[in-house]
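Next up, some structures in structure tokens.
The same chain A turns up in both complexes below, where it pairs with chain B and then with chain C.
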Partner chain A sequence: MSSQEKAPEGDLPETHGVDYDALEELLGDRVIRRESHLNAEGFVIRPDEVAGALDLLRNDAGFDHLSMVTAQDYEDRYESIYHLTKYDDRTQEVSVIVPTDLENPTSESAASVYKTAEWHEREAYDLVGIDYENHPDLRRILLPETWQGHPLSSDYDQDKPQVVTLEEHVNPVAESQEDPDSDTMFLNIGPHHPATHGVLHVKTVLDGEQVADVEPDIGYLHRCEEQMCQQGTYRHQIMPYPDRWDYSSAGLLNEWAYARVAEDLNDIEVPEYAQIIRTMSAELCRIAAHMLAVGTFCLDIYGDFTAIFMYAMRDREKTQNILEDLTGQRMMFNYFRLGGVVWDLPEPRDEFFEKIRDFMDDLPGTLEEYHDLITGNEIFQKRTIGTGVIDAETAKQYGCTGPVARASGIDYDLRRDDPYGYYDELDWDVVTEDGCDNFARLLVRMREVEESAKIIKQCVDLLEDWPEDERNIQSNVPRTLKPDADTEVYRAVEGAKGELGIYVRSDGTDKPGRFKIRSPCFNNLHSLEAMAEGEYVPDLVAALGSLDVILGEVDR
Partner chain B sequence: MFVPLQSDPVLLPETIGRVLFGGEIAIWQEAVAGFIAAFVIANVMLANAGVAGPWAKRKITAAFTDRIAVDRVGPAGLLIIPAAAVQLMAKELIIPDGADRPAYDIAPILLALSALIGFAVIPMGSIFGINLQMADPETGLAYVFAVASIATLALTMGGYASNNKYSLMGGLRAIAQNIAYEIPLIVTAASVVIFTGTLQTSEIVAQQAEPLVTIAGITIPSWFAFVNPFAFVLFMVANLAEVGRNPFDIPEAPTEIVAGYMTEYSSIYFVLFYMGEFIHIFLGGAIVTTVFLGGPAGPILPGFVWFLVKIWAVFLFTQWARSAVPRVRIDQLIEIGWKGMLVLSFANLVLTAVIVGVML
Partner chain C sequence: MSNEPRDAITGSKEPQTKTREARIGTGGVDNRFNSKLREAFGSTPFILTKFDKFMNWVRGSSMFMLQFGIACCSIEMMHTYAVKHDLDRFGSGVPRASPRQADVMIVPGTIVSKFAPRMKRVYDQMPEPKFVVGMGSCTISGGPFQEGYNVIKGAEEVIPVDIHVPGCPPRPEALIYGVVKLQESIANGETSPVTVKPYELEQFGDLQRDELVEKLSEDIDEETLVMRYNWADSP
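Let's turn to the complex of A and B:
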């Protein structure tokens, strides 16, 4: 087992039976040395042996899920960390750490082993400046092509003005790709387009009405969330930011991602009562987010702000009313605190519980109505069944999580597989579908709303009976948190769109040294190419809608 | 010497001519009377399709989707339409670089026009003893389908002339869709013509006035919707495709190709396109009314009122479909058109011909 030298004292998260010595043996002399992160052991690998090492871990040790690639720079080196885990057992984690020197930061790409690494490495190249060899398409991903320098590397000059032209995403010296004899047509879908759910630019090549090639171009909503978090103190200043990632009223789910990682890093306990409030409110957020997803997906299929969209909005509004009673906010909640939540349930409690129960009682009828209107509609079935197909293997390659993965039959839900909060005490099921198509993704979301309702009901019962003198909403947390320097941790929660993870490296101050967000939408959006190529334009739009990407989270 | 296209009942231009110029009318007087009549009919239809239509559309859609819609400007929000008209006309007319003019300019005018001139042969019934039909040629039904088809030309022109890929796709989709659905539409209408033996609209309406059956004292007229409900359903579906409403709003398909052929149109051109579409829906309703719903026939109220009630009912149906039914995909649309509608409409035609030939 691991040697947790740098970890703070107290309950260390277990490494859940990963035999790291056996893994070290498997990797052989590729391993330079071992490092300990709070969540897992890390193997330091030479930069020219990345693909080989990852290939072994994936095929021989079963680490089939590359959750995230974190890039960062130290004074003497650059470093890429590949956070690996398993779809079958989320608690088994291992990190592969690849240091590269400052002068020539070149490292071998992992894209040949994990498809999802393609985008993650592009981001690492874009923001930190590490070069990945053998990468199929190493370009900037968030920033414009013409950007100078890499903003998260230490030699970046923030004061130097950048001239970003109107055609900012076009490289002026690149050769024209146009071919006068071609039968295909290039079409920009977005960044201003009714179906892109925000500012997404999808470069498509069409062959008639069929999609020959599709490439999402992201970064229009990049707001330097990671860097902003790096400039905030752990205790209070970071918590408001997660609300702005997935802003489809899934704020509390995002806040929990930060709460979880910061609580692990600083070894903070959360009282049981607060855990139940968190669980309940987070599931309310999930319902709100899924309602929005169902509504906008139908908007893409129906083509107008029609009945089903408005019905979904109406029901989302109800959850927002409840959340407003609880948190004082409708979208940007800022309700979680490290060690608990900011305040107790609103008084009078009976009324609040009544409100939630009313909503829960109406929900089955509401969903029945939805099923009548959408899933039961034959035209709707004709449009969605068998389109936007992504099989389980491909979905894993792209690092899909959340409803997208579960609709491809991947039984993977962090609430159950890597329990946090109060979920493992409650009775609920992980929803999966085997359709792999747009219809299955819709069904998963609609059924997950039912499961969330189950969870909420149980939480309400628990909260109602909770003794009045034991309503402890926050544990004692020091005013200033300064985790030991070079403590590293990667933790994830089940956000509305999937595995929402955060990697934090502390640098001994009260602010994170590196704060990296694993956005589920980012990975899910990458899989669009697998879903849409060869399909018709309307199915591309439908597939995009069924992915339910929130660009605020994709671009961060 | 006034030569009426049909002697009885008196058509609107002749009524106006008699009022203005007395009994004997010269050619130029006839022309003036015709212009005035056309002006009256066009304005009546514009008031319906261009003013009441958009307002009603917002109210109807809102009712379907649990909203209230416009209610601040004027009574029940009615004045929003003049306000919107002023706003739209005051907007800058942006014409894209490389637009193919004058095709770009003609398209919106052509669309509105093609739908409007269709009303010339529609028997709209009478009110205050004045028959509101413009003309009643023997080829009435053929004429109305012919001019309604010009709309496709307008959509295609607007689509390619905009120099925009979305517009181009919208234009191409419009052609594909209209060819696929106009044939079933016309073939289904032809099955009615087999019954009537004439293309003259007034005659078609007149034949529907005959009683079909009498049940418990209530006489059901032989509207072709009752005589041949199958043809009626086919026609309604094809009509939805013809006017481009869900599930067949493929040429616009806002979430796929932005606004299709309309993408690059702004200001008054947009108004013309938008209004043209509404008039087209109303023309579709007028054709359905004439061919299947007994035209302006109805008890107690004047014929013209019944005529309006019926075309508004068809309009309501299109809005209902729009609110409740998803859009089909372009390949599915073509498949439904060529493999489903076409076959069914020809089956209906043959069946009708056999029934009419054997039984009548």
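Let's turn to the complex of A and C:
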């Protein structure tokens, strides 16, 4: 009901049925010792045994989802944490902690076990400076190749000058770009290109019309979100930043990710009334975000500012108006507070409910219109059905979540599987499709809009009948929050694009010691290579559009 | 609907005049071009103006925008182009995908170290005369991310900016106001772009040799274009 899962007596983490002793036995003498995080037990593993240990956990214990890799440095060591969980049961979690020494921070790569570790470890190398042995391609991922130092390690000097190059990119497949006999052609898509949804650069190698090799080059919008959050105090200074991760008006969904992790860390209860407001407003955000996804996807497919884009914008305006009435902002809401929300629904409440109801009543007709224009269109079907295919197993390897995973038939939604807010009290369904292609991903989004509408309607009914003297929007939260030193927690919510998680380690002050964001777009974008290689160029663009990446969230 | 032919086919052979009559009346003289202004000119429909003034007016009245999305602000920029706000009403709502066809670049978002050289290149590709609208706080100072290790402290460190629209992000109305203000100043021949200590694209070999350049000289060719950031001097 509330997002609070209270820790049982003695501060032991809630086990959710994971038999950690059995896991310890399974891992045998690879385990140096055990640690307790608020969300799960952690096993400390020797740095040269990482792949073996993860392989056991994946194949014998069923932890098939590497949610995130966190890297950080302490005074005496570097540490990588692999946050593992299961697609079948999100509440079962385990962390694998790999310490390495300061002089020679080298540990074994997990990329051979989980494909998704490839990018996560590149990021850890880039920002913190841990070397991963046996990694297939350990390069910087967010910062330019020529960058000096690792900015999230403690000895980094931010005032040092840096030199960044503007180079032509070299065709990785052909022997030489000038070679007239070469069969392949190198094509840069982006970073300034209408189809890349922002500043993404896709290095593409073409063999005729077909894509031989594709490599997303990200980091053109890496604006140091983790550093910003580590500099802010828990109580108020961090909350504005989540709005700017996934900026497709999905702000409240992101804020919830931070609210959830900070409330768990500080043991704050959220009143039921506030949870309903949160649920309702977050789902409005999901509608706005999915509308943008649908509109821009069609922009990619049809290639111009067509009617669908304008329709989607029109409907987004409606949601943004409602959200503006509620929060005072069109996009960067900053509406959630730890322990609740900042203010109650706007007066007169009837008018506000009426406005939401009007929108909800129009929605089925609007969606019908969309289906006429999009899914019923033969050209659209030709472009999207059977293109950009990714099967469930591959999607799991890449750590795909959200609509991308659900369109490949993976029945995984944190709102149901790891309930928070008011979702488990309401009647709604998780949408899945079996198409695995671009079309299925679009369908999932459009059907999720319907489900969100269902949730909103129920919330409005509840809020309308809520007794006036019980409208408690916020619990008592101390002015300054100082969680105990070395408390570690990883929590995720279902953002617009998938599993949006945050890891926080407290260091005894009122600011986080380490703040790591698990961005769903980052993982989803990694899977582009599986979707696009071997397909035609236009299908690459379609696949990219159907992934619905928001670069602010990819690069953070 | 029946399958019978329409009246227009089977009936009278006289030309259809309904539309024409609705537009120009039954008088038969099309006065669409004879506006109030035309009347004021009377029998000598000529005006005398300076060529520069005329050109400025033309320039300000029809501007092509570069379709250029960076970050959060680009979502509000899309809303500005789309229904309801419709920037095109003011003669400046035609987004062009290629910088070669654009007059105005709206910079909608945070500029980071990796993107600044690319943005400079895109700006250089635009034909003169060109104008820049800085949208949002990030293009003014780096905005909420100013303290980031990777964030350029404002668009003016890279390219000249004509108009700043503050906000995080600015509302579409604010962006429209900014663009219209830009058009106004262009029509009056007044724009004076501002650049603060610009970071230039230069060849690596031309950089002053210091510790950092020595260290990188193995990896970077002399002729490669680079941008050097002096973070310590940033505002």
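Rule of thumb we're sticking to: the second predicted complex is superposed on the first by the 528 of 556 C-alpha atoms of A that agree within 3 Å, B and C clash if a C-alpha of one lies under 4 Å from a C-alpha of the other, contacts with A are read in each partner's own complex, and residues count from 1 in each chain.
Throughout what follows, contacts are C-beta pairs under 8 Å (C-beta built on N, C-alpha and C of every residue); 3 or more make two chains touch, one makes a residue touch a chain.
All values reported here derive from a predicted model rather than from experimental measurement.
J.: Per the contact definition in the header, classify A:490: touching chain B only (first), chain C only (second), both, or neither.
T.: After superposition on chain A, A:490 lies in contact with neither partner.
J.: Return the chain, chain B or chain C, that is in touch with more residues of chain A.
T.: Greater contact footprint in residues on chain A: C.
J.: With both complexes superposed on chain A, which partner does A:187 reach: first (chain B), second (chain C), both or neither?
T.: first
J.: Using the touch definition from the top, say if A:43 reaches chain B (first), chain C (second), both or neither.
T.: So A:43 meets neither chain B nor chain C here.
J.: Check whether A:541 is in contact with chain B, with chain C, with both or with neither, and answer first, second, both or neither.
T.: A:541: touches chain B, not chain C.
J.: Could you look at A:309 and tell me whether it touches chain B, chain C, both or neither (first, second, both, neither)?
T.: It touches chain B and chain C both.
J.: Of the partners chain B and chain C, which touch A:439 in the superposed model: first, second, both, neither?
T.: Touch status of A:439: no partner.
J.: Let me check the overlay on chain A: which residues of chain A are in contact with chain B and also with chain C?
T.: Residues common to the chain A contacts of chain C and of chain B are 193-194, 305, 309-310, 314, listed in rising order.
J.: Considering the complex alone, what residue numbers of chain B touch chain A?
T.: Residue list for chain B touching chain A: 61, 64-67, 165-166, 169, 246-247, 249, 253-258, 322-332.
J.: Using the touch rule from the top, collect the residues of chain A that touch chain C in their complex.
T.: The contact residues of chain A facing chain C are 143-148, 151, 156, 158-167, 191-194, 197-199, 219-225, 227-228, 231, 240-241, 244, 247-249, 292, 305, 309-310, 313-314, 316-317, 330-332, 551-552.
J.: Which residues, counting only chain A, touch chain B once they are in their complex?
T.: 185, 187, 193-195, 209, 298-307, 309-311, 314, 373-374, 377, 379-380, 382-383, 536-539, 541
J.: For a test of understanding, state which residues of chain C touch chain A in their complex under the given definition.
T.: 67-72, 74-76, 78-79, 81-84, 95, 97, 99, 109-110, 112-122, 144-145, 147-151, 168-169, 171, 201, 204, 207, 212-213, 215-216, 219-220, 224-232
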